[in-house]
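Below are structures written as structure tokens.
Look at the two complexes coming up: subunit A is in both, with subunit B in one and subunit C in the other.
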Partner chain A sequence: MADPMKIRATTLGDSTEVKVLMSHEMETGQRKDAQGQTIPAWFIQNVIVTWNGRTVLSAQWGTAVSKNPFLSFKFKGGAKGDRIAISWMDNRGDKRTDETVIA
Partner chain B sequence: MKAVRAAVALVALAIAPSLLAQGSTADEIAKYRAALQDGNPAELWEGRGEALWKQQRGPKNVSLERCDLGLGAGVVKGAYAQLPRYFADADRVMDLETRLVWCMVTLQGYTEADAKKNPFGNGNDRKSDLEALTAYVTSESRGVKMNVPMRHAKEAEAYRVGEKLFYFRGGTHDFACATCHSEEGKRIRLQDLPDLTTAQGAQKAYTTWPAYRVSQGELRTFEWRLYDCFRQQRFPELVFGSDAAIALTMFLARNANGAPFDAPAIKR
Partner chain C sequence: MDEMRRRLIQSGGGMTLLGLLLAAGWIKPEEALAQAQTWNKAAFDTHSLTDTMKALGGGDPAQSKDIVFFQTPEIAENGAVVPIGVTSNIPKTESIAILIEKNPNLLAAVFDIPTGTETSISTRVKMAQSSNVYALVKADGKYYVAAKDIKVTLGGCGG
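Moving on, here comes the complex of A and B:
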């Protein structure tokens, strides 16, 4: 199973900044192994972030996103103690969800 | 319900352009590092290492929380800033990686071969526990001034051997570490080569390892750095945890004394 994400969420004024590190190989499908065989594409395809259960970001990713991706975004609202949950699913169907509270 | 607006930036560029001169490659690389600093994936290794440190593992099913890294059993904070050092129980000078192996053997009951079978990880299928543990322990010395001791005769000996090795020329190219690392302003490909013979050069280099290598997508430790420079030097493969590796580490770590430790960092 994938390693836990590292999440930071802080409210500044009327908006909240969320920063997430995800552990994922993000294989492009363009590389070959030592035997010359193509290494199959393997990447995070869907990302959903919720704030107290409400979706604030929903994204579709492709192979152009780097290995161990870093995602940073802001949304309007949020207060100390609110719950932020992040889920991703990759093209193999692996998934992972991690949570934090806004600091 | 109020619409929720989200502003997305996949990479938040937090650079003050005025601070950085335009133009030279080194400056551009510095900018690139600054852009990545905010979301350094090394944190993923730190997190995994902390979990491994606390987890009951090995044939004896105990955690590493009683491991003595030099400041007493279980003290992690600041320990890396005082390594390598002499350990009476092992009657040997040890760097962090060697000490971790020692604790995995004596506390957790692993064989030495098992404990050090994967010092440098490779992708998802070959994650290295040692790299993760090293990331965690070193992160607990961030901001602590380097203070490598030289009280014991074996510490002084390791330093002298390390210094000898640094200047020792050999191999197919008749290279020493000093060939590439003892002058200001040298380059290979686009990389500036640090002058490791000055206090400032040793400090800057030593305090920024381990590092997440963006080009490899892996966190690398100081032993890996030495291993790879042995390869660049066309020397025989540097054996992990060997006296040679520890002596060179001792030489550079001790020369970095006085500077605040600032890793795990991020490098190209």
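Moving on, here comes the complex of A and C:
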């Protein structure tokens, strides 16, 4: 199981800023190990962010997103104490969901 | 009876069942993820600019000055971690895709932006070498593009 995400959600006026740091290798499938074997691609493919159960962002990623991916965006609305949940799924079918409340 | 049924179907047609369930808070995001697990393999597997844009549906995008890169360096010291921020000031922006011309696979990420979310995202990508980076925006069914040249002093895909 992957390490938890670091999520920060803060309201600024009438919008909420969400910043996420995920923990994932994001292996490209281009690199070779010491024996010259290609290291298979291993990366997050889908990301979905919900605010109180409503989708505020969804993304599809390829191998070019950096290791331990960072993502930041804003949405309108959101109040202190509202729930933000972020889920990802990688190409091996591993999943992780983490939640935070808006500060 | 039939009339009623038809109307019900029509009124519900604008929103998918999944959307309704999500809105009602009946299903958890991870369940939504499992159901929405669409990954545009065709687009992510492309190796040329025209093919990638075609696979995304935007065969011939218009150049736009309303797409702005922010927090994006001119020169990236480390190709493994290049910050990219894209803001689209085009009304009705639906999605933003990031393409890196000289990467083995051009498409890095596609962000679908629902109404209510600001059309501005920021992330970090890997770049194999100095390259043009394209932001492809879908707005109101049309496609727009902007490019930024980023120099990389140390590649991000070496082995």
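Rule of thumb we're sticking to: the second predicted complex is superposed on the first by the 103 of 103 C-alpha atoms of A that agree within 3 Å, B and C clash if a C-alpha of one lies under 4 Å from a C-alpha of the other, contacts with A are read in each partner's own complex, and residues count from 1 in each chain.
Just so it is clear, a contact is a pair of C-beta atoms (placed from the backbone, for glycine too) under 8 Å apart; a residue touches a chain by one contact, two chains touch by 3 or more.
From a predicted model like this one, the values you see are computed outputs, not experimental measurements.
S.K.: In the superposed model, does subunit B or subunit C contact more residues of subunit A?
M.R.: C
S.K.: Looking at A:E25 after the superposition, I want to know if it touches subunit B, subunit C, both of them or none. Which is it: first, second, both, neither?
M.R.: A:E25 contacts subunit B only, not subunit C.
S.K.: Report for A:I102: first if it touches subunit B alone, second if subunit C alone, otherwise both or neither.
M.R.: After superposing on A, A:I102 lies clear of both subunit B and subunit C.
S.K.: Could you look at A:K6 and tell me whether it touches subunit B, subunit C, both or neither (first, second, both, neither)?
M.R.: After superposition on chain A, A:K6 lies in contact with subunit B alone.
S.K.: May I ask you to decide whether A:N52 touches subunit B, subunit C, both, or neither, giving the answer as first, second, both or neither?
M.R.: Touch partner of A:N52: subunit C, not subunit B.
S.K.: Taking the two structures together, which residues of subunit A meet both subunit B and subunit C?
M.R.: 54-57, 59, 65-67, 69-77
S.K.: Could you list, by residue number, the parts of subunit C that touch subunit A in their complex?
M.R.: 19, 22-25, 28-30, 32-34, 36-40, 44, 80-83, 100, 103-105, 107-114, 116-118, 120-128, 156-159
S.K.: Where on subunit A does subunit C make contact in their complex?
M.R.: 15, 26, 28, 30-32, 45-46, 48-50, 52-67, 69-77, 85-89, 95, 97
S.K.: Taking the touch rule as given, give the residues of subunit A at its contact with subunit B in the complex, in rising order.
M.R.: 3-4, 6, 19, 21, 23, 25, 51, 54-57, 59, 65-77
S.K.: For a test of understanding, state which residues of subunit B touch subunit A in their complex under the given definition.
M.R.: Checking each residue of subunit B against subunit A gives 2, 4-12, 36, 38-41, 43-44, 47-48, 123-124, 217.
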